[in-house]
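Each in structure tokens, the structures are laid out below.
Note that chain A is present in both complexes that follow, paired respectively with chain B and with chain C.
Now for the complex of A and B:
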């Protein structure tokens, strides 16, 4: 059966659009919820009316972001059923569990305490209100945990077995799914980086006030708290990013090779700090990987193997194999995968005819190669390589901005402690820049994660092309543009309400 | 009697809490309007007319769905 690539491409584009749009709101929610909790904790401790006004102001912006973003993630679930029905059927048993837990937890924890957080001022005790604010913050991060457990499982499928009778991956070990190292590093890296986004959001708006010499006292106090939180979170983001990189090296070596533009792996492999990719470089084609590069010796070996001289496979090693370093290439995996798919076909035919002996024989053949089943659908070994320029440049942008933000947060922290944030225009301009830079880095982080794992929708098990529903490309194209219009309208609504509220500033004393 | 009134008191207080909260909202009124409109578009238009559950609507039993997916994944494989 031929795959309609136009349909798959539009389905992918639609999913990317929805996910990236959804992700505009999530990091602000994750980061700002904790900042609101910090602000309110200070208010409760000091009893200061100014801290109350400050908390109330940031909570209003949090509410606007939450309201516009709420339920945009549900659209992704619509798309699963329509555009990705093969995926949904095969993975639903495992993928659905964490999503269901997220839905229930989010509803009971967030929705209950959210009402107290917004309606409860002066109507419940200070302590209970603060408790509700903390519960909203913790609940938001717990929601993220379950989503990232589901995503981590797609990057590194564990705790399941394929059942040829039902044609589904069925969960065998829930604990293995939730303790998946990829899910854990993904959760820690995503939440800490979202805390930085939240801190940058507060700092950028506060710096805007300082530049306009409005609400100076509130802005300086907000920056002091956000810079402390942001500095700690930015360092944590670097540490969790390193751990995430190690997990990628172990479980998704092709993604690591793509983000580093590495074609031929070596022992003691250098890491590219800055590079311009050679556009003519392709798998199996001779020639330099970069037209210009600045590399740190042995850096990639240390990141990927935790030793200075460890071997890191490159794209060519992973496509064509490298027996010297025990790397099985895509070529060999495709052969094994074809045997698995042929056995599955025989097994289904035998089951239909009621031939138990043939079924048992086919099952034995299938199980011998079932780990490679997904590879059996790949037409060309080179198809195993994701878009190297997209992965490489997105990843490096993320690293540059992450490093810059640590330095910037440190400056805000120092100048806040000195109480001189309002006297340095250059610093205020720097603060203004932080949010858009970090926001883009957060979005590109998902580009690295999702483009980097292509062509797989479930690493090593199910190709994106195979996972898609065989439906008319025109239908998917139409809904893509409907979403584009809807999302643009909602984004305009959010930005205009947000700007209006920022212009109004905190309530008058 | 007093136990009965106490039983009804809590839900009534919760109801009043929400009612007063909604009534006192400022920017929240606009936000709820946007949320309502968004949810209507999502569930009453998009979900209903543009996003049918492909396997749910085209097949009536799980066995039929499993057979269809098996056909897809074995037929799609490289020969």
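Now for the complex of A and C:
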């Protein structure tokens, strides 16, 4: 199979670009939709005009953000087809289902009730309007659920088998796909962290008002609700993050080794709380992993195996194998993979010639190593290692900010309850800082997930290089730059509109 | 229960489901049609706002229907999804760009500090309604006229032309005229529907001129669409089509689509009834009889689209044919997901009536009072 690497690289760059742009808007939508629902619920319960104004204000910002989230989202679904058509064919029998379910079960909820949420104030009853707002919030989280089931499956492919006749993976167990532990931890971690992003969005803007001594009452009320929601969500993010880490250890040990910068695994493995990677360290090359490190003894073993002395494989173990701990390395997997690829080729040739005996023989050989087929296309065992610095630093940033935010939310909660948020400039400055910090953490979370999975598009089964569409790099490059210009222009407009709306503040009483 | 159906039946059911979603999308393109009417029917800022806000209540449903059409085809016919999207790369990419542009335009157009000015966003809406729909039409045209591709032994698509799909509208071959006419018909049909919808949805009591202009555009757009429609229908009945034998071998069959329609009288019925409904819709809106033209025009469009999609795929026909390598052509049987996946998705599809039901409830609730000047002059309008 010939592979045009330039084309693959541009396709990857394009997916990264469009996904990261999309993710600029989605976490705000996920979090802010629920906050709008909380605000409106309080309005409906109290009948207070002020809560209605407050709801209106945040909904306006929600709407601006939602529109561009929709715009940048449509492309991702179709990009699987345009840029990753081999993937779409080989995985479509399983992967297409959650995408279609997302459309049926989630997008229509959002699309239908969004119009009520924004234009129904004088057209439907108060109760129905509130219902619509909740439906938009639930719809947005349901949409996250299905796309994360799809993504979880890419990280840990379950519930399917490879069919050599059709040359594709076919679904055998839908319930295994939707109850995939990776999908569940991805969904819970992604949504709860997005709730935190939404809460930070509200808190940062509100703190800016407090600093400017504008809309003080509205800002304090907004912070009180957002901090409560944000604090609970931040703790949930930590819990689900831990679960997510455990799943990575079980299903994607190479990703774990990369995010921890671990080359040689040990029993009772320490975890690096802070470290600077040694840039000269490579797989199979002697030398320290870090130039500076602060480690917590046995931490990684506990995280990855839930025991203090469990063995955690490092990059070298996973590339070259570690028989002592029963770890099969990439070297051996590639050998088995090559046997499977050769057997598949023979199988195809025998089928073409109608030679049943040769076909049966090739099938037996294929079945023996079919689990490693994807490895057969890997050129060098070292290619199995994702970018360690990207994974390591992104992951650590995410953990630092996640921990910091729990503490910050706790402070906002305490000072909100005391009613003194408007009296502490340091707290307001801290609030201002929360959103950009958390925003970056949310984006880097995806960097960890996707860069950490490389070189695979479907963990252990299909290499990214093989999955791309057969197309000249020039086409993909051209669409990459069109996206870059278009999305940047739209993002500039979005930010400009958003800043203006924040400056205008809530409508006058 | 669904699992006990055989694979061929499931494939047929799934083509019907995808066709229903596709046909609903074509009905919902009244949003796109309305966008291209804007500069002709709305002369003042207030008129523009009336039109945009009326369409703005629905644009997301149209958009989502398109997304579901793509998602449904991915789940049920992944080989089509991989072949067409990966192969006819530029057609789909350009379509997507126009829909990206549309998605922000409603929200951003009237917002202060929107950087590019409201005229720019109106222009984007126009591009979406014209270029976007034209290309969707051209892409659908290739369901009958074929594309230039082959599939290798790993089922990877090898596209035969560097134009990557734009050949559907640029290639010098008879099919191109058909594809372009199909696209142009959809553009003008969308405009006809757009006018019907606006007449139904806007309260014109304070602005009879706008109503008059909108009704006239319904008639004008319909008349412009007629020659394209006639060409498409006549060409369809006369052209050779891509037949699939019992052994799965694809060959060119003279008057294939005519014989499909004759072999499936209910499809013929849908086509005739659909066209009649469209004409009734046009006469109602165009000649000033009531406001209900959209329901006739909409259901007419739905039926015609459904009839065409059935003609393309049923009765032993390749629905995504390759004119350069006949045996690479896709049929609903060789392009589909497995029995298991189609069954699972069959259960999921039971949700579709629920979705339709709540859309109808919300639509009725929201449109019970027509959109008037008051609605566009408060802070919550587009």
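Just so it is clear, the second predicted complex is superposed on the first by the 503 of 509 C-alpha atoms of A that agree within 3 Å, B and C clash if a C-alpha of one lies under 4 Å from a C-alpha of the other, contacts with A are read in each partner's own complex, and residues count from 1 in each chain.
Just so we're on the same page, contacts are C-beta pairs under 8 Å (C-beta built on N, C-alpha and C of every residue); 3 or more make two chains touch, one makes a residue touch a chain.
Since this is a predicted model, take the numbers as computed values, not measurements.
On the shared subunit chain A, the superposed partners chain B and chain C overlap sterically. Touch criterion met: A:71 reaches chain B and chain C at once.
When the two structures are aligned on the shared chain, A:338 is found in touch with chain B, with no touch to chain C.
By the touch criterion stated above, A:481 is placed in contact with neither chain B nor chain C.
Of the two partner chains placed around the shared chain by superposition, chain B is the only one that A:165 touches, whereas chain C remains out of contact.
By the touch criterion defined above, A:274 lies against neither chain B nor chain C after alignment on the C-alpha atoms of chain A.
In the superposed model, A:96 makes contact with chain C only, not with chain B.
Once the two complexes are overlaid on the shared chain, A:377 sits against chain B while remaining clear of chain C.
Of the two partner chains placed by superposition, only chain C is touched by A:113; chain B is not. Between chain B and chain C, C touches the greater number of residues of chain A. Remark: of the candidate stretches 146-154, 182-190 or 218-226 in chain C, the one overlapping chain B after superposition on chain A is 146-154.
Touched by chain B in one complex and by chain C in the other are residues 1, 63-64, 67-68, 70-71, 74-75, 78, 81-82, 85-86, 88-89, 115, 118-120, 123, 166-168, 348, 469-471, 475, 479, 482, 486, 490, 493, 497, 501 of chain A.
Looking at the complex, you find that chain B touches chain A at residues 17-18, 20-22, 24, 27-28, 30-32, 34-35, 38-39, 41-42, 46-47, 50-56, 62, 65-67, 69-70, 72-78.
Within the complex formed with chain A, the chain C residues making contact are 53, 56-58, 60-61, 63-64, 66-68, 70-72, 74-76, 78-79, 81-87, 89-90, 92-93, 96-97, 99-104, 106-108, 111-116, 153-159, 162, 164, 337-338, 340-341, 344-345, 348-349, 351-352, 355, 358-359, 362, 365-366, 368-369, 375, 379-381.
Chain A makes touch with chain C in their complex at residues 1, 56, 63-64, 66-68, 70-72, 74-75, 77-78, 80-86, 88-89, 91-97, 99-105, 107-108, 110-116, 118-121, 123-124, 128, 132, 166-168, 170-172, 174, 348, 469-472, 475, 479, 482, 486, 489-490, 492-494, 496-497, 499-501, 504, 507.
The touching residues of chain A, when paired with chain B in their complex, are 1, 3, 60, 63-64, 67-68, 70-71, 74-75, 78-79, 81-82, 85-86, 88-90, 115, 118-120, 123, 165-168, 334, 338, 341-342, 344-345, 348, 376-379, 465-466, 469-471, 475, 478-479, 482, 486, 490, 493, 497, 501.
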